[in-house]
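Note that chain A is present in both complexes that follow, paired respectively with chain B and with chain C.
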Partner chain A sequence: MAVPLPVRRWHADSLIKAFFGSNALIAIVVLALITIFLFREGFGFFGKNLANIRLYRRAGLEYVDILRDSANSHAALSRSLNDIRKRAAATESADTLSRFDEFSTAFSDSAENLNGLVSDAGDKAVALRDALALLIGDVDHSGENSEQGAATPPIDEAGTIAALRANTATFATTAAALDRTIRDLLKTAPSFQDAITKRAFEYWTKKVDGYLASLPATTKKLQAWNPERPVPAYRAVTSFLFGRDWITASFWQDWYGIIPLFVGSFLVSIVALAIAVPFGVASAIYVSEVAQPAEKRFIKPYVEFIAAIPSVVLGFFGIAVVGQTIRHVSQSSFFHWVSFFPISERLNIFTAGSLLALMAVSTIFTLAEDALRNVPRGFVEASYALGANRLQTVGRVIVPASLSGIVSAILLGFGRVIGETMVVLLCAGNRIAIPDFTQGLGAFFQPVHTMTGIIAQEMGEVVRGSIHYRALFMVGLALFAITLATNYAAQKLVARYRMSIG
Partner chain B sequence: MVIMEKETEHPAPPFEPQKVAEPEPQEKAMITVSDVDFSYGAHQVLFDVNLEIPPRAVTAFIGPSGCGKTTLLRCFNRMNDLIDGAHVSAGRIELEGHDINAPDIDVVELRRRVGMVFQKSNPFPKSIYDNVAYGLRVLGATKKSRINEAVEKSLRAAALWGEVKDRLDSSAYGLSGGQQQRLCIARALAVEPEVILMDEPCSALDPIATAKVEELIYQLRENFTIVIVTHNMQQAGRCSNYTAFFYLGRLIEFGATSKIFSNPSERQTEDYITGRFG
Partner chain C sequence: MKIRTRQRIAQTTSFWIFRLATYTILAAATYIFLDIGIKGSRTLFTAHAPFINVPFLTQRPQTLFVFDYQGTKYTLSDSEFRVWKAQHPEEVEATSVAYSAGGVWPCIVGTALLVIGSMIFALAVGICSAIYLSEYSQNSRFIRLIRIAILNLAGVPSIVFGLFGFGLFVIFLHWNVSLLAGWFTLGLMILPAIITASEESLRAVPNGLREGSLALGATKWQTIRKNVLPYALPGILTSSILGISRVAGETAPIMFTAAYALRDEMPWQVQHWTDFVFQGVMALPYHIYVVSSKIPQNEYTERMQYGAACILLLLVFVIALTSIVLREKARRRLSW
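== the complex of A and B ==
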């Protein structure tokens, strides 16, 4: 009698195969769609950014910015005078101080004409920019003046530019007058008794000389400026990747430079890793090589449990406890010797970094402990049998044998930290600026904004499809590239580590 | 035949089981085991073992799996300290008359004097040179010339120098299995131990590599006290002077190898050696 083929079982088999296969397929397709979407939305940025920069030149905003730089340098010098005044208050006589006050008022007044020039030219340039933008229609200014679109006035582009460029001559005469005024003023400068103040003032005088020397160069720049000169296409990319300003929704020019955000993310991650790596790796070594079984049973789940704390709760804790504590500590008289204490902001790089460290510790601990535990027992026994003590065995055999595993644990910890959003949004202070590195370590106690934070904060408010919206997508892509590279490096290292252990 | 090519300098010697002359038990025993009980936690694995291991001779421990021979071997350099709950629960183990489990014994010094070679060859993932130098370095040797000298001496003693002298800085993992095991022996020799413990050193090797290691053991006998655990009867017969037969955690019989193999006094020994069980 012929036995019938077991058709049914084959059928069930293929069903199971189809089920798991389709799940895998869906996962891959969804991931691919997300990636494609990211790229599609992001790459539109470059075209818009280029148009943005071209308009910046065409409308003469660039020209005004040359003027403005000069005015800003003058304003910075005035501010330095205020700093000197603060220091002098304690040491100098009332007479010197009042003469100094007169001097500094005269100095800041000397730029009145220059400032007037900048603000007049600025108004003209902005008006031209807005008119051109409406005409071209492809640069979005977040819809702030869309209702005026109906009554487009006729644009006198050439006339406006000519009027702007007439300012070059005005600037030259203003600069010459400024030069005279300041040089006369310097002769009336009071002299100080205190050596430090004196030196500070001499240094300031030198800077003023430098400023005055730069005025003719500025005039030359203004003369050389040409609104017709084409903006090369690569500027759209370089102004994003190397731009030092992230300025959005301003009445003047918007800049989308990733550097302040990248530096913020990077510094926060550095602080987090600097704290988390020693803790994570050391506790992994302790648990895998030293701890009693009872300790292991306690420590391991406990550290891994930290990963279960929602990051928003950690951020909350960071604002309420960590930031406050750091500021209190920095104000205590015990730490007066630290040059950058007391700190002014309680939410800063260090606050965010120390909280992120908490999250990274559990990642680094878990993976490093795995790597350490996978060191073949034979190595450890051989080391002990040769008379090595525990420290020597850990230092010379176990850690070197698991080093690539430990490094990949650190890399994955870095990936975790740089992609984290909630904690940095709550605790990093959200000031879009590159920290002032002249303060040394004090740079770590300044507020920053981060790549993740800016996306979370601004994405909800931008107009869909606008340049700002696309710029945020580009930031997301940059973040994606960083974490992808980190993960790839970590995987490569793990693979090498498996091979070397055999 | 890859291995053959690698080891051309020493063409595989058909290792001849020479008639081992029984040295007279002229000197005091190197290791004395008296009334030792050993437990892993509550589980006792050695019962009342008494044994005297003679110096400068090869003593083989034989017996079926789980009979406690490896455990006893690992007692001699206190490797069992690494296992939680493992302890000698009664009796004494003495190295030249000193109790090795006494509280004032320096384990590092004990392990320098009692070296060990493991079942699976376990060179460190370092260069050949660094492997051999490891023991010296952890014991505090820093002088380059002294380390160089010791590395060469121990590689020569392990009959490996000719094969590796041109590639001391390459990874130990480039060596064949038999070479790796001889490297492990060289590594153990470098700290100039008096006793070498070998835990089934040939169980993972092919017959040619086994022959080389056995030949090496035979040569080392002149300068070292060797204790070897083996499952291979022929191996015990070929290269040991004395043989101890263990069964279920007890020492059944101990004596000159020729006597154990030709004329055992215990019935169990005879059954095991002739292959009736085990």
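== the complex of A and C ==
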């Protein structure tokens, strides 16, 4: 009777241990599952994206885009002519202005043939693309043309491509005509009184020269274009990682490039950290080194409260109050000297960044205060014994000794900010574009879209299993990788910091 | 002497800068609290008894209808408007503003359900993991791996948890948008925080209690059950309350897993009891997202927007305050 008992107990105990151990294992399992499921849903993206890009070439959309680029640069030149017109309105005589208007109208009209060419070729290419897509069956273009299947004529792929490529000769003659028209036009260009306008116009003329010089190169590109040339498989990855366009549900061509989203997330985080780091570190130093005990007892729980504010409430506050306030401030006469004020959008990088700063401050404060408090007393006492005052002790001993702790606090703050969703979704403006950096700091007052925001916004609307759906999972995977890397760096820093003091 | 003075001035100035930075943060946060608190209390409270806006707390969100009739301006909720129309057969041109009338009762219920379910799951798994880490662990490779996983899991963005929950629970397991999917997603998100807090409380129990029990011949499990857990449990529960406030306020993980923008039935109005866990719910944070992004900001929508934001803020604060007060009390009482 007495013999089997210990054996059974031993069994029971090891079972209990195994039970608890398996619970502890869940953390690893979840981390693995997150990776697996993000991959499972997202990985098919590359195959579909490759097919998407291959079709883009095969149907001749790429060819049309070469033409379109040329037409677009012409349109951009017309637009900058309008900008000059705006500036000249204040300084030039009515006569000059009317002649200038004639000039700019003639300039924008000069591209009429080119634009016609582009839209004709575009129609042909899109028709071929849709027909081919139906044939292949798999590639979706966001449901836009899925119902056209009933009445597809038999595909004359070679014929269409040949018809498309006939445009090369047309383009060459159009370009030559354009060249002649513009050069004639330039001779009749009006002259300006105002020095700045004059310089702007001269700069514009130079750009026109550059544009005209690029026309033969475009012809060559058109000649060299070959629909048969295979698209290398790596393009599926590079067009995602380095693609500068995120265009979905368009009639033309969908692009899934993460760069605009990444830049948006990154800029918002930069603004948030630029505000949060000085405030967070300064207040951590204040609370751990300067503040009275009574102040400490009040400030620390208060900052914990700040950390507990739900992000969606902060986002709502941004929409309701902060955005308006920032725009009002930018419109006030006090800030007239700032070149990029008044700002046009109330929801922009800065609005989102300043709210995220409040979230990051609480993270940075708590962790940095921990690091400062953990500096051994001996360091501080030695510093005082050598005759240093409190500021010197803080600046030369305490902060350097806890520097890696502070840096890791900042890294974790960055991780929190870049992964934050609701504030950027509500306050960053949600325009998918890389900000115009030529405006200097004004770039921080433009709306952007972010990696987290795009997932939250588009996930609910996409067709399950479509390329767009998978692209969103890939964005999630990229986000996951970024935060893991940040976390890892922070942990490494803390580990080193422990060694250096111990 | 001169150098000493300069140093003192430098010290005073820098310390004042630090002080200013600290109080700027507190002031910014206070401004947010006051703005939402004051504008929200116009919705939440009324000037006469019972002083609390009961309809706002007990009704469903409804569409608001605004119209002029015989010189008077009416703002009626959907149900009121129907009654009014039945009494007045004339055609009126009414502007409708979505979500702006009624109350937030289903959202409160949904958030409560989500919090309860996910906290039960997270506490069960979290406490068990913490027991393993603090009571059974030797400093093995396995333990180190688990710790690294917990640390990294804590840094995963909430939207990634949302995507994961969508991929695993909603699609792979075919649970669709449901309470169950929301529970697991939120529970897994909060798990690292629960494990860390529980482990801290378990480690705070002095070793003498364990050794005494083992010396008397108790098994490991008996020791944990009788001599460790009872002393650690209050601490675990207190520090987990802070987790509740995070679960209650998160939006991103439930966006695709558990939350609906509008749902007519209350959660208990289900055909069969098994349907209960497989239904989506309305949730307060998601409702705030919807009313602040899908409808414009104006005098008609402000009531719902600020009211919902204020009630969530209030909820989270009561929870966080409870946690902080309880923790301070526990620290004073339990000094071994």
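The rule is simple: the second predicted complex is superposed on the first by the 475 of 502 C-alpha atoms of A that agree within 3 Å, B and C clash if a C-alpha of one lies under 4 Å from a C-alpha of the other, contacts with A are read in each partner's own complex, and residues count from 1 in each chain.
We take it that contacts are C-beta pairs under 8 Å (C-beta built on N, C-alpha and C of every residue); 3 or more make two chains touch, one makes a residue touch a chain.
Just so you know, these numbers come straight off a predicted model, no measurement behind them.
**Q** Using the superposition on chain A, decide if chain B and chain C clash or fit.
**A** Result for chain B and chain C: fit.
**Q** First (chain B), second (chain C), both or neither: which does A:Q446 touch?
**A** The answer is neither, since A:Q446 touches no partner chain.
**Q** Between chain B (first) and chain C (second), which does A:S265 come into contact with in this model arrangement: first, second, both, or neither?
**A** Touch partners of A:S265: none, neither chain B nor chain C.
**Q** Where does A:T197 make contact in the superposed view: on chain B (first), on chain C (second), on both, or on neither?
**A** Neither chain B nor chain C is touched by A:T197.
**Q** For A:N52, decide between first (touching chain B), second (touching chain C), both and neither.
**A** Neither: A:N52 stays clear of chain B and chain C.
**Q** Now for A:S330: first (chain B), second (chain C), both, or neither, which partner does it touch?
**A** Neither partner.
**Q** Could you look at A:F20 and tell me whether it touches chain B, chain C, both or neither (first, second, both, neither)?
**A** second
**Q** Thinking of the overlay built on chain A, is A:E304 touched by chain B (first), by chain C (second), by both, or by neither?
**A** Touch status of A:E304: second partner only.
**Q** If you tally the residues of chain A touched by each partner, is the higher count for chain B or for chain C?
**A** Here the partner covering more residues of chain A is C.
**Q** Applying the document's definition of touch, where does A:Y384 land relative to chain B and chain C: first, second, both, or neither?
**A** Touch partner of A:Y384: chain B, not chain C.
**Q** Thinking of the overlay built on chain A, is A:P293 touched by chain B (first), by chain C (second), by both, or by neither?
**A** After superposing on A, A:P293 lies in contact with chain B but is clear of chain C.
**Q** Can you report the least C-alpha distance between chain B and chain C in the superposed arrangement, rounded to whole Å?
**A** 8 Å.
**Q** Return the residues of chain A at which the contacts from chain B and from chain C coincide.
**A** 389, 392
**Q** Please name which positions on chain B make contact with chain A in the complex.
**A** Interface residues on chain B, with respect to chain A: 77, 79, 82, 84, 108-109, 111-112, 115-116, 118, 120, 122-126, 134-135, 137-139, 173, 184, 187-188, 191.
**Q** Flag every residue of chain A that touches chain B in the complex, lowest number first.
**A** On the chain A side, the touching residues are 292-293, 376, 378-389, 392, 396-397, 400-401, 500-502.
**Q** Please output the residues of chain A touching chain C within their complex, sorted ascending.
**A** 9, 12-13, 16-17, 19-21, 23-28, 30-31, 33-34, 37-38, 40-41, 278-280, 282-283, 285-287, 290-291, 299, 301-306, 308-317, 319-321, 358, 361, 365, 389-392, 412, 415-416, 418-422, 425-426, 452, 455-456, 459-460, 464, 472-473, 476, 479-480, 483-484, 486-488, 491
**Q** Taking the touch rule as given, give the residues of chain C at its contact with chain A in the complex, in rising order.
**A** 7-8, 10-11, 14-15, 17-19, 21-22, 24-26, 28-29, 32, 35-36, 125, 128-129, 131-133, 135-136, 145-146, 148-164, 166-168, 171-172, 188, 191-192, 195, 219-221, 242, 245-246, 248-252, 255-256, 285-286, 288-289, 292-293, 297, 305-306, 309, 312-313, 316-317, 320, 324
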